[in-house]
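Presented sequentially are two complexes of chain A, the first with chain B as partner and the second with chain C.
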Partner chain A sequence: MKWFTAWRRRPWAGYAVVLAALAIIGVVYAGASPGADRAQASDTKVSAQDVAKGKALFDQTCSSCHGANAQGTRTAPSLIGVGAASVDFQVSTGRMPAMNPGAQIPRKKRILNDEQTRQLAAYIASLGGGPPVPAADQVDPAHGDSALGGKLFRANCAQCHNFAGSGGALTGGKYAPPLDKATPTQIYEAMITGPQAMPVFNDTTVTPEQKRAIIAYVTQTRSEVNPGGSGLGRIGPVAEGLAGWLVGIGLMVIAAMWLTARKPKKKHND
Partner chain B sequence: MTDNNETSGATPEDEGRVPKRVIGTPSPVGTQELLPGDEPEQGGTGYVLDEKKARRAERVAAAFFTLSFVAGIAFIVFYAVWPGHVGNINRAARSNYTLGTAMTLILLGLAVGLTIWVRHLVTTKEIVQERHSISSTPEDRAVFNQYLQEGSRESGLGQRRLLRRTLLLAAAPLGLLPLVLLRDLGPLPEKKLRHTAWKNGTRLVVDGTGQPLKASDFNSPGSIITVVPEGAEDNLDEIATGAVLLLNLPVDQLKVKKGRENWHVGGIIAYSKICTHVGCPAALFEQTTHHILCPCHQSTFDALDSAKVLFGPAARPLPQLPIGVDSQGYLIATSDFHEPVGPSFWERGRPKV
Partner chain C sequence: MSTTTPPKPIDDAVGYADDRFATAGFLRGKMKKVFPDHWSFMLGEIALYSFVILLLSGTFLSLWFKPSMSEVIYHGSYTKLNGVSVSEAYDSTLRISFDIRGGLLMRQIHHWAAVLFLASIMVHMLRIFFTGAYRKPREINWLIGITMFTLAILEGLFGYSLPDDLLSGTGLRITQGVLQSIPIVGTYLFYFAFGGAFPGHDFIPRLYTVHVLLVPGLLLALVAAHLMIMWFQGHTQFPGKGKSNNTVTGKAFYPVFLIKTNAFFLFTFAVIAGLATFAQINPIWLFGPYTPDSITAGSQPDFYMGFLEGALRIMPNWETNLWGHTIGWNVLIPALVPLGLIMTGAALWPFIEQWATGDRRIHHLADRPRNAPFRTSVGMATVTFYGLLWLAGGNDVLADKFHVQLFWTTWIFRVTVIVGPFIAYFITKRICIGLQRSDAAELDHGVESGIITMMPSGEFVEVHEPVKENAEAVLRSKPVPAALPDAGEDENGIPSPASRGPLARARKALNNAFTADDIPMGNGHADGHGEPQVTAPGANGDDSTQDAAVEGGDHKELSRG
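Moving on, here comes the complex of A and B:
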């Protein structure tokens, strides 16, 4: 440890410690946000062949948890009546088929492709109806009133998903996911089906027109610029204040150390 | 009355040890002296400069002053030629960057240049000013004491008890006057905290759109929506107390409290959205557990069991709004809340059981 003690006594050791602390804080803050993967809903024409193929897929990938007839088991809920929208949401976000049961099934790289998703949805829809996959125009953010959407989002969604859709924590390991990767179709499907801990917003309570407004708000918020520089995860004044205090005061401490450190000067009689 | 002006104890040098150095401060060894007071008097400048090093420091400081000048010109150019900040909120980011960076460089260049100047080029000798004792001299104290006793004797304060006591009596109410001012913190809020805009027959309308809800519209299990009293959709004062969380719960799992049998409509149930702890919007609803969470301090309420507190600092359940259905099938309140909504206040009293 001798080298460390020697290093510690160097004049620049203090600056190095402060800089290292700031760097660590910075790295912790740097949140990576990879680009959105697109998963568009396929058209809704259903044939008997699709249902048969969907049944085969179901037997293969889903029946071990959801039961041979989708009636549900102790580990997984019944799928009768959940509808094509629910299947499309769960499968296109990669949540289903699930890897392992836990507090919450996370979004991941999707396992079944568009065609297989459509067939599986056709099979589940044939069991007991339920909400269908919305049409492309129904979820087009360009036709939504984002001001109204913002109002509804702040009253009913922001408490869990944050005002900018950054997500947030719930109880017992559950969480409201960030909305940055959700496609317009997936946002609609989530509202109408209420996946996992999320409550349901049916079409008679929040109309399809209002849902489109909410989709417009969520997608527009993503492209909003951050006039102050970094959005700091857009989680609000706590993060902003923390960064201001740590970085700002850190720089002040360094400046104060430099100003007050005494510079050796040669004396006259030396 | 002894004055001890000598510094007590031994100096570190006497004890033969050097105090521990704090990280970031310069080493005590070498050419520098922290206390030049015990040096031989020289008069005039205390230090001479190494001319080579001084010239280098001068150039560095000058470079920073030049940087400050260039940044100052850049600020004017950015402002006048390439503003970006006028009329478009999205372009304000650009002007924040350009003007902010320029202003930072102006001030930083000046500050760094001046600091280098002071640290490397100034040759003023350091002087030490001795601190003198804070207490008065014994003579001054004795004179003061004498004056005080003479004054007491001459005015008769010591002998004339009646005068002394009535004087104190006169001063006593003066000391109590600030307490009277506390009265002006009122008036008390009267009934305002106990009542909301809800009354029998008020329809529940969706917050944000103002559309009334039929029980048959709000029919999906696991639904939630924020509703406000009809007629107060745009009245923020009323919404601040009257915001309600409407839930659709499985009616067979509902634990209905005695006396509240008619407060829900087939599992559709309404709770105040305002947390009973400090008044945040408690609106995080988990469909799977039927828990309502408050985002501020994690108070957790059981929606199935009259919003009983399961966890967290909230002291009381969320107040429940009795609801029913009118002749056209719309959801209505059947009365106001039966207890004050929101956080506790002084004269709230105990909750009715």
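Moving on, here comes the complex of A and C:
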């Protein structure tokens, strides 16, 4: 280990270690990409019992903000007429019940399970109107045309959600979330209900067939391996520039230092 | 250089060439050319070797790329785009990526090499600037360098625009806007360049010719000139023992430098190939083909255009309407002002410095940045200005990843891009002066040895060792500022004619800025406390202390802490 002891006492050894550490952190961070997908079955059968149970759940978890009769308060909007799809989206993504009101409610671990979500949706739907939870066939990516979906995605979705659905910033602290976790049903529901900052893409703007195409595009894109190596977060040239400087220039500077380093003297007595 | 004969293969090869071309006499001198050795002197070589890799990989790509905007229906290996109507440029780039053997790797090598090319030009330029290596006789080479930097940025932008993907098109749309924003001639320029309405069928083929023929040709010629001038003038070197304006210390061109530089080429190639293998760049299949009605979040140019993008993003929406003509300051200013300030400023700087300091001497010794506080501070102010604009170019990514509100980032950058450079200037200057003071103290008092000695009186003092020979040569290298000729007053206090007028006053002010913060080095003022110096080491008689103290020289200076 003599060479090592000599090496680490070189004047540039400290810089080399810091640079290498930075490069490693950068690469590891860029390389770590989320990917899990979640399937979800939607059951559309609704009984009076479900509505009653949903009402009980609503009183318990939602009424403090949305009002006793879902009529809305100063802190939260009315839920009359939002429909089952909206409830299913908000609750199954864990956004509702919300923890604290901010510019935007983030996706988090869901609190109510599938059964409770269905009951809650039944209750809200019983208050009147609104889009229902889509059927499994409506959101099946296997039946969607991903090429058409890509075109529609680039024209309607990419300006906020980024070309690969990696998400992006919006004004006022809001953001378009990454689409890596959204299930096909949730993507459909988001389009039809327009949650938070998102506009509504109703069935005349984007037909159900086109919605399915978009779902196919999103799910295919996120499960697609990056043929060129690490995707660097799929956020475009910013990450590429960072990698070029940290890894590229970093390694080259280390190489230059190595090539021009003088051999350490045997005796340290000069 | 040793006098032993070279190995037989080399001897034979040299003999073969000499028999035919009489090269021995020519080579003998060249092979002995001395190159100073320092890691920062190799930064420019990264650019050179990236450029070589760019030329080779670019040639490969040009074998398959079709610079055409004709519409075709994509039917290739990337099934997600099957049946989508795209331009031939986009189609052929997809084909290179997915259907040509090694095509994707080559594309990624080409793009990463471009990133490294520009990045290394930037760090190389910074090294030249901060060490004053642009000074006489190297001003012309500095100008050539700036020209190459500008050309490289353009070349990168053109290459980025060629595949006609979503980001290319967005970039071209901005290029169109910039062209149109130029007063009076803007509309004409745009129509001449694009040959009709945006995007049109003409621009991509034209861009291609410029990208593969004109700019690389210019760059190649300038690289040759750059290197020949460098060879002729010799490389600068850092101050040290045995180094001066008239002597060069370093390694001979053959064999040491040649081997090192070849190794460095292989390093460059390894890093670029490594990045191209493990990190995806410019995934145009994810971006999708460009259509004027599409846009994506995270629409950014490559990093070297980032400061222009940033300027555009933070620019307030100013427009003037004059006699029915709109002048779009909101596009014109961000497109021209930062680029103009930095490039023009950098180009003029050597001449401004000469004019202000009156220093027209030949400089082969690089300055230590601390010894030129004004230059270093202006440099850091520029770096800050550039860096903030650069960051502003990624403001949406910053807002998204660091959870900052988007409009806040806009305002933060609007303020800091003005204030930041001044703060950087001030801080850098203080650091430079502090380092100079510490240098002066080291020369005068020696280096703190970390050995505490107890005096007979019971007082504890730290032993100061004199500065080592090489370090002392470095410290003493601080140049004396050249005096400004006939700028002062005569003995009667009458200002000389040359020092009157606004230009002369500006010159005087600049001269003051260049020379004001000059801490004298090693003027032998000793410790300055007016107390006698104690020169007996190891007063407590401890053997180890004595050894340590006597080792480096024959006397040690003790001074009061």
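Quick note on the criterion: the second predicted complex is superposed on the first by the 228 of 270 C-alpha atoms of A that agree within 3 Å, B and C clash if a C-alpha of one lies under 4 Å from a C-alpha of the other, contacts with A are read in each partner's own complex, and residues count from 1 in each chain.
Heads up, the rule we're going with is that contacts are C-beta pairs under 8 Å (C-beta built on N, C-alpha and C of every residue); 3 or more make two chains touch, one makes a residue touch a chain.
Everything numeric here is computed off the predicted structure, so don't read it as measured data.
Of the two partner chains, chain B and chain C are each touched by A:Ala155. Legend: residue contacts after superposition of the two complexes on their common chain; A:Gly14 is shown touching chain B, with no touch to chain C.
In the superposition on chain A, contact is made by A:Ile249 with chain C only, not with chain B. Of the two partner chains placed around the shared chain by superposition, chain C is the only one that A:Glu240 touches, whereas chain B remains out of contact. Contacts of A:Gly167 after superposition on the shared chain: chain C is touched, whereas chain B is not. By the touch criterion defined above, A:Asn226 reaches both chain B and chain C. Between chain B and chain C, it is C that contacts the larger number of residues in chain A. Judged by the touch definition given at the top, the superposed model places A:Leu259 against both chain B and chain C. When the two complexes are overlaid on their common chain A, residue A:Ser146 makes contact with chain C while staying clear of chain B.
On chain A, the surface patch touched by chain B in one complex and by chain C in the other comprises residues 151, 155, 159-160, 168, 170-172, 176, 226-229, 257, 259, 261, 269-270. Taken together, the chain A residues at the contact with chain C in this complex read 12, 27, 30, 103, 146-147, 150-151, 154-155, 158-164, 166-173, 175-176, 217, 220-221, 224, 226-232, 234-241, 243-245, 247-249, 251-253, 255-257, 259-261, 269-270. Across the interface of their complex, chain A is touched by residues 37-43, 46, 79-84, 97-98, 104, 108, 111-112, 115-116, 119-120, 123, 166-167, 260, 263-264, 267-268, 271-272, 274-283, 286-288, 291, 293-303, 306, 394-397, 399-400, 403, 405-407, 468, 551 of chain C. Residues 8-9, 11, 13-15, 17, 148, 151-152, 155-156, 159-160, 168, 170-172, 174, 176, 194, 196-202, 204-206, 210, 225-229, 257-259, 261-270 of chain A touch chain B in their complex. Residue ranges of chain B in contact with chain A, taken from their complex: 21, 23-27, 30-34, 39-40, 42, 45-50, 89-90, 92-93, 96-97, 115, 119-120, 123, 206-209, 213-214, 216-226, 247-248, 281, 283-289, 291, 293, 295, 298, 300.
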